[in-house]
Amino acid sequence: MKKALAAVISIAIFIVLSYFFLTGSAPIDYLKGGNYTDPITGEQYNHSVPQQYVEDTKNDTGASNVVTAIVVEYRGFDTLGEVTVLFTAATGLALLLDELKRRTLPVVDPNFILKSAVKVVLPFIILVGAYIFIHGHLTPGGGFPGGAVIAAGFLLMILVHTTRGLPERKLSITESLAGISYVLIGLLGLVFANEFLQNYLPLGNFTMLFSAGIIPLIYIAIGFKVGSELGGIMHNLKGVHEE
Amino acid sequence: MIPELLQPVFVISAALLSIGLYGVMSKRNMLKIIISLGLVDTGVNVLIVAMGYLPGGTAPIENGNYALYVDPVPQALVLTAIVIGVSVMALALAVAMGYYRKTGTLELDKEGVMKW
Amino acid sequence: MVALPPVLLIALPLLFAFLAPLVGMVSRRMVKLYTLLVLILNALLSILLFINVMANGVVYEQLSGFYPPVGILLSVGYLGAILAVLINVLSPVVYLSYFGEAENSVKFSMLYMLVTASSTGIVITGDLFNMFVFFEITAVGSYGLVASLRTKEAFEGSFKYIVLGSIGSAFILMGIATIYGYLKTLNFYDIALRIDTMPETARLMSFIFLIVGIGVEAEIFPLNGWVPDAYQGASNRVASFLSVGPSKAGIYAIARLIFTLIPIMSGFELSLLLGIFTLVVGELAALRQRDVKRMLAYSSIGQMGLILIALSLHSETALVAAVFLMVGHALAKSILFIGSRDYSGGLLRNPLIAGPLFLGVLSIVGMPPFPGFWGKWYLMVDLASRGAWTIILLIVFTAIVEGVYYSRYLFRGLNGEIRTLTKSEIASIIILASILILIGLFPQYLYDPAVMAARSLLGGGP
Amino acid sequence: MMLFTFIAWVLAVLVIAPAIYAVETKDLLSAAIAVGFADLAAAILFLVLQAPDVAITQAAIGAGITLAIFVYAIRRTERWEK
């Protein structure tokens, strides 16, 4: 009965949504519409916000990847919030699993192939992760996927060191320091420039590694933070064996 | 009229949303509900990325031709949304594990989450 | 006086929350004091901001060095400033009630700081997606706080909150996607300037998506099923904090939505309808509850309905009423929730506890001279002036219902063996009650800012 | 152009079918894996929509990390839905 009702409701939702998407809300081309107004000064512009991003990213931020420029510079405050969401979730998870974490279960010794393969592969995985977040302003990727790749390396470590898991304290310190440095980079913008998270470093040469001002710094902080947080989440979910 | 490529994309989005909502409404198993929520999240993300698509456009990474970039803003928003979705999912799993520890089951009461 | 940038209200608590684990490693006992100091610092900052806004008008702050809507804009309006002070001043007072507790969790304090910061973020941001991000921080932090007791009820309440909260955030995102698809902007004012260029259906759809999504946090009707379970499962202080921070931020977001963002006639009608429904259902459900926390939770839902009605009337008097109701609800409910620990009688035989609790009940029910009374009074005046007698009758009826179950609640507190709260909890409710009395005795200090807030909102400002 | 549309329709099947399976099956582990598969297909869809940043993030976080934490959660609770 309940199932049938749920099915009817969801099919109705499907029909309504696809009708709405397919007819009502054709997304307009951002090159043809969406002229904006600066709400404070009242000045009007005859192009849209994304068009401004696309055309000015090079001069404003020095990044070649427009998405990165938006994520870290133009809408950098959102990203600080996003990092905070992950941090909040990791904190809440650790709080909830505090008493659950210690447990005694039969320890399955990882097999030889896994152990020796991890020794070889792990440094490369960390390297790839670091590459992804350091090159965030040049290539697709950035702090979040880079951090996730590093967390995948941590997952391998968890799989191999079945008894002790990850060094919790070190992860926690890394996480804190990365978060603090992110906010401090932002606050320094208030000091050296005028606004929070504003760029105050030279933009450097376009498409070079050392360019784009504070973007690589912030992405490195994010990479460390996301990696240690996701690693901590997996560590907590797995639990620690106690003899 | 919407671009041809977006038709299957919108169908995917609407389908994921309704499958996810169906799961949330009809299931009592906590992990099942979390899985359904993940589907809803993916559906919304697909929708947002589709909002920025430009027929014949290229990825917004330096290639010298600004006029052909797809809209980069929805992509930035979706990056945020994906990370938020995973955070919520991890926390939800922790809550489900705590509930399992206290009750020995993952099933919610008879009414599921729809009890008022 | 130096005008401090509003972003410090968010950035500093975030910084100190990131720092908290390191403080906890040095000394776990320090963390509570540390958190309290951070919260008090934030309260001082918010008061400075309030003074600045009242003196100089709306404060705008660009972020990242780009003018809006290209960069993110923070905009602190009158209502935002009032709520920022409300949240940031009450948050340390409620936190005070944790002192003397044996359990000493660093993580709990971190979540508390983060939720305070992000609730403040919701009331001072001027960007739609930024508001969504702060909504998520608030929600995720609240999920953790609700479950922090780690009982079966706590986990169950938190899980329901997570499910409805995630669906709500999916709705908010769909609303944002629809608006962005047409207008290519995310700034509140820029959207408001050009909202008329959207087709009628798309506008209405995005309004519905947003109000349903935000309504989860604001405890408004369609998706508020989590409220009773979460409040029942949460500890008394967490419940108290939720009624101070997140719910007020949520109702502020709704005010911004219906006044600034999408000010359409059908929007006001829809939200009036939702408000009436929320009010009646909440109060009637409260009447049949045996559990005290559940009863208070349903009563909260009813109050939120009342605030939504006041918001959707679209007049100056009604908006002043809404401000008074918000302040009164935050103060009174935080007192009542702190006082609801093990509420099985005998609590009211201690005069230090009975006094604040009694004042809280008086304010909620709407007895003069408390803010709850002023709120209902102005609301009635406005409704009478437009001859909406049905709604007046409904509000009087629900006030009577409130009177019935709150007097039952008070009688229950008088019987049985003597119980007491911890010293810090008593200190906390006494401070809250004195703020309640002060506002009751000098309503003009809230009335003047409220009028300014009302005028600003009616003019489409923040 | 036609090619991308065709690929998108194929991906529609590859996303929706595992999603339905994930909601309907009693085995939570296969449900989690099916969701991981659907997320991966969604990542390819993002690539088709010219969003490589989103595609990488979705593949790494949405599909990879999610699956890992799901597997741990299932291992510490129970595998079969009643």
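When the chains are written out, they are named A, B, C and D in that same order, and each has its own residue count from 1.
Note that in this section a contact is a pair of C-beta atoms (placed from the backbone, for glycine too) under 8 Å apart; a residue touches a chain by one contact, two chains touch by 3 or more.
Just so you know, these numbers come straight off a predicted model, no measurement behind them.
Among all pairs of chains, A-C has the largest number of C-beta pairs in contact. Centre-to-centre separation of subunit B and subunit D, using mean CA positions: 10 Å.
Between the CA-based centres of subunit A and subunit D the separation comes to 19 Å, rounded to the whole angstrom. The mean-CA centres of subunit C and subunit D are about 37 angstrom from one another, to the nearest whole unit.
Centre-to-centre spacing of subunit A and subunit B amounts to 16 Å, using the average Cα coordinate of each chain. The set of subunit A residues that touch two or more partner chains comprises 27, 30, 49-50, 53, 65, 67, 75, 78, 81-82, 85, 88-89, 92-93, 96, 140, 142, 144, 233, 237.
Chain contacts: subunit C has residues 129, 133, 136, 140, 143-144, 147, 150, 181, 184, 186 touching two or more partner chains. Among all residues of subunit B, those that touch two or more other chains are 7, 11, 15, 17, 19, 21-22, 47, 50-54, 59-61, 71, 73, 75, 79-80, 82-88, 90-91, 93, 95-98. Inter-chain contacts, as defined above, occur between A-B, A-C, A-D, B-C, B-D. Looking at the complex, you find that subunit A touches subunit C at residues 20, 24-25, 27-28, 30, 33-34, 36-41, 48-50, 52-53, 60, 73-78, 80-82, 84-85, 87-89, 91-96, 98-99, 169, 172-173, 175-176, 179-180, 183-184, 186-187, 189-190, 193-199. Here subunit C touches subunit A in the complex through residues 5, 7, 11, 14-15, 17-22, 25, 60-73, 105, 107-108, 110-111, 114, 118, 121, 126, 129-130, 133-134, 136-137, 140-141, 143-145, 147-148, 150, 178, 181-190, 193-194, 199, 201-202, 205, going by the rule given at the top. Within the complex formed with subunit A, the subunit D residues making contact are 51-53, 55-57, 59-61, 64-65, 68-69, 72-73, 76. Residue ranges of subunit B in contact with subunit C, taken from their complex: 17, 21, 24, 30, 33, 37, 40-41, 43-44, 47-48, 51, 71, 73-74, 77, 80-81, 84-85, 87-88, 91-92, 95-96, 98-99, 102-103, 108-109, 113-116. The part of subunit A that touches subunit D in the complex is made up of residues 65, 67-68, 132, 140-142, 144-145, 148-149, 151-152, 155, 230, 233-234, 237-239.
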